[in-house]
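Below you'll find the structures, each written out as structure tokens.
One chain, subunit A, appears in both complexes that follow, with subunit B as partner in the first and subunit C in the second.
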Partner chain A sequence: MTLLIKNLGRHINDSWIVRHLNLEVTDGECLALLGPSGCGKSSTLRLIAGLDKPNEGSIYLNNKNITNTAAIDRRIGMVFQSYALFPHLTVAENLTLGMKIRGISNLEQRQKLRSTLELFQIENLATRRPSQLSGGQKQRIALARAILRDPLVYLLDEPMSNLDAQLREQLRPELRRIILNQNLPVLYVTHDQHEAMAMSQKIAVLKEGILEQIGTPQELYHEPVSIFVATFIGRPQINVIYNSSKHITGIRPENIYFNSTGLKAKLLHKEWLGTNQLLFLDTPVGNIRITVDIGIEIPEDITINWDKKHEHHFDSQTGMRIINV
Partner chain B sequence: MSLILVLPAIILVILVFVFPLIRYAWLSFHAVSVSTGLVMVPNFGANWSRLIEDQRFWQDLMQTTRFTAFSVTLEIILAIAIALLLDQRWNGRGIIRAITILPWALPTTIMALGWRWIFNTPYGPIEQLTQLFGIEYLNLLSIPKYTWITTVIADVWKTTPFVALIILAGLQSIPNDLYEAFRLEGGNSLQALKKITLPLIQPYILIALLFRVAQAFGVFDLIQVMTGGGPATSTESLALYSYLNAMRFLDFGYSATIMLASFLLLMIISITSYILLKRLRLLTVK
Partner chain C sequence: MKNRSIYYIAIITWSILPLAWQIYTSFSSPEALTAPILNHNNRWTLENYIQIINSDPPFWTYLANSTLVGLLTTFITLLVAIPASYALTKISFYLSSIIRLILLGAALFPYVLLFLALLEFARKLDLGNNLLALSLPYSALSMPLAILLLSSSFRDLPKDLEEAATLEGLTLLDRFRFILIPLIRPAVASTGILVFLFTWNEYPIALTWISNENMLTLPVAMARIAGSSIYSVPYGAYAAATVLGSLPLLLFVIIFQKQIVSGLTQGAVKG
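And then the complex of A and B:
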């Protein structure tokens, strides 16, 4: 059930929200759509779900063109950022409403409801209303509802952005176990690069409605096509050194080390990150961030250096990667 | 200290609400009329026993209830439809929304005059139409059996916008996500109306209902201007009967008794229905 998107585009008035978008998500693959807010990632999901109509391009699901198929008939398992649970219905009613509408027999409804509640270990919540649930519980119900839709593709719109960091980490394995193991294409929208790397095999970085780069997390990290991708992927953020009016060098904090020769630097500030420490240095080329081991004593006069092979070079006008410097 | 801060509010409530009520109650146990020289003479419940035997009081109570039931029911049904329409996105919605509220913003006396003119025989537009088709005059304002319907029509015309506004507020409190989620579940718009919209605006409908019942039960100005309670007393409301007793028959004791009786009736209806609705958890969604 491959999801294929060809030259997808949508505009409101004169501004394009999404344009020239080409994506392919195969069975069992999770593709993260990553980008800052307003980059068109949620709009892309809405186009695939059929909630909005594209102005150009087409969407294929399982070799079938669904561009003009009504949302009702698309069999989309979508999880909304707000969860969109029906506040006047209990958890059980929320989960069975769709099946009722689709004319599934009462017996089958009950069986499916029971097995899904078991899957998420939320049997005790069946009679509660959404207002009586915690954020994590609501999130599970929203996922359960998407599963019960019996979908051909999963669209997850910032499914964890309303949860605190600790809960997010707890829910990730659960999400992987339940959704990502179903051998269906999954599209995962997030603005959190950490989450994108944790959940998906491939990441598509969007900028202003245009696909900037698509690849594995490793590819995006090691060979970012633009300064935008380079600063978006990897934490602490990559150092950007403006060499001339035309040329930018990027060097990641973890690739910089103390050395007897190199760039002279003065320590401005340090952050303790647990496994390492992040130093903010003042250097002749501007402020530089570097990470060093916890145990290391920071000397008075620091000289830092890095290997040429770790440098990333970008055109300062276009922001795009320069292969041969 | 805290008492000092709420004191102005308490004084105000006592002045404009508690005092008149007590005064009404006090009056209702006295004869105060032309025959007593407008002096208060205790008559030990004679007003109340008169009330119970007063055919006109019971007739007016029935008429007021009929007016309330019909106009409020019609208003709610129409208001739901109008609110649903105004909640949709279409060009010129802002202007239409503003126009919709106009009838409600109009002073009742003015709009009642307007309606009296519309139903006027032989010069009103309705009778003009009947003439055009060669039908006899309908005499809408002088048929004891049916004239009350004209007052219901005028009231519905005036108050539907108010109810629609409350229901529109309810509609706008429903996040769009819910409709989209429902669509992805395979539901069409008619099912969405039944399963999502109506259950979620139900508390707003009931609040509007409570408001409107209380208001309609005390109807006075509309009827006073449109029909004066006539023909005969066929459209007379309790408030109008009480007014007539005070201002025309100069029987203040009995007027107070009627007013107090209808106030108590309304209180009983409102409070019991409120408690009932609350018990059934119909006033909240969550």
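And then the complex of A and C:
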């Protein structure tokens, strides 16, 4: 089963929210849609779910054009950012309502409900209402509901953004174990590059409704096609050096080291990151961030350098990568 | 704490006193009413109630008439207003703002100005002396306010909920039944009560549309309670009719108490 998106576009009045979008997500593949807020990633998800109508382009699921299929017939397992649990129904009712409507027998409903509750180890929550649940529990219920939809594709819209960092780390393996192992295409929307890299095999970076780059986390990290992708992927953020009016150099903080020759720098301040430390340096080419080991001695007179092969070069007008400098 | 209880007592007295006064009056003999300080042998009496109940047709007929019209009006109003207010949240903001404005104008319009025109309708369409037909103008007059009230509660519902239900395979009708109406139930209950109250109290249209003794609604029937002479006002009988006429409302409010209260505070606390 493959999700295929061809030249998808939607506009409101004169402004395009999504345009010229081409994506392919195969079985068992998780594609993260990554970008800042307002870049069109959630809009893309809504188009695939059928909640909004595209103005151009088409969507295929298993070689079947579903562009004009109604949302209720699309078999989409969606997890909303707000979870969208029905507040007046208990957890069990939330999970079985859809099955009831779709004409699944009572016996089967009960069996599926039980096995899904077991899967998430939330059997004890069946009679609770959403208002009596914690964020992490709500998130599990929302995922359980998506699974019980028996979908052809999973659409996860910022599924973890309402949870605290610790809970997110805890839920990530669970999400991988349950959703990503189902051998269905998964689209994972997030604005958190760290989460995108952790959860997905491929990342599509969107900017103002246009696909900027798609590739594995490694590709995006090592060969960003634009300064936008370079600054969006990787923390601490890449250093941007404006060489001339036409040319930008990017160099990642971890590729910079102390050296006897190179750029003279003054330490502004430093941040403890646990495994290493982040130094903010003042240099003739602007402020530079570098990461160094905790144990390392920070010299009085700092001189930094980096290898040419680690430099990324971009056109300052278009922001695009320059291959041969 | 002590200060507070004074306020509570004041507010409760303020709301209860007129009611208590009505009940007191309804059980008092005419002599006791005109000279309350004097000692009377027959201060308390059931005479007022007996007069009301033994009238022809009996008072229960009017109660039943009003209840029938009230329930039918409430039903028709909600049946039209719920889908209409839902639709208002689905059309463009510009269009819905204009419609809301028009509805607000209609809701604020003094409907007494319409009763002559409505009477013409009744004559032309032969709707006079028909209890069920009476609920047509009542529903029409209640509609603007009902739509405004319900549409604001539809608008407050998170969009995600209905979309999640759609993706679960619920049709529009399913969504109304399982998701939307249960979620706005407080608003539906309070709107229903407002509509019911309006028909319960309505006078000019009922007066002009209905002349058959057996079909009068409560307010008209009460106005027709006659004294022994044109110079005597039958306060006791009026009070007894008022008390009996309030009972169904009281019942209504007690039944839907929970919904009304949560309807009043809706939106105050995010769930």
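What we mean here is this: the second predicted complex is superposed on the first by the 325 of 325 C-alpha atoms of A that agree within 3 Å, B and C clash if a C-alpha of one lies under 4 Å from a C-alpha of the other, contacts with A are read in each partner's own complex, and residues count from 1 in each chain.
Please note the rule applied: a contact is a pair of C-beta atoms (placed from the backbone, for glycine too) under 8 Å apart; a residue touches a chain by one contact, two chains touch by 3 or more.
Keep in mind that what you see is a predicted model, and the values were worked out from it rather than measured.
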item: Superposed partners subunit B and subunit C on subunit A - clash or fit; value: clash
item: First, second, both or neither for A:Val285, with subunit B first and subunit C second; value: neither
item: First (subunit B), second (subunit C), both or neither touched by A:Arg149; value: both
item: Partner chain in contact with A:Ile12 - subunit B first, subunit C second, else both or neither; value: neither
item: Touched partner set for A:Ala165, first subunit B, second subunit C, both or neither; value: neither
item: First, second, both or neither for A:Leu268, with subunit B first and subunit C second; value: neither
item: Set of subunit A residues, in rising order, touched by both subunit B and subunit C; value: 49, 51, 71-74, 76, 78, 80, 82, 84, 86-88, 97-98, 101-102, 131, 145, 149
item: Contact footprint of subunit A on subunit B as seen in their complex; value: 175, 177-178, 180-188, 191, 195-196, 199-200, 285-286
item: Subunit C-touching residues of subunit A, taken from the complex the two chains share; value: 49, 51, 71-74, 76, 78, 80-82, 84-88, 97-98, 101-102, 131, 145, 149
item: Of subunit A, residues touching subunit B in the complex; value: 49-51, 71-74, 76, 78, 80, 82, 84, 86-88, 97-98, 101-102, 129-131, 145, 149
item: Residue ranges of subunit C in contact with subunit A within the complex; value: 158, 160-161, 163-171, 174, 178-179, 182-183, 271
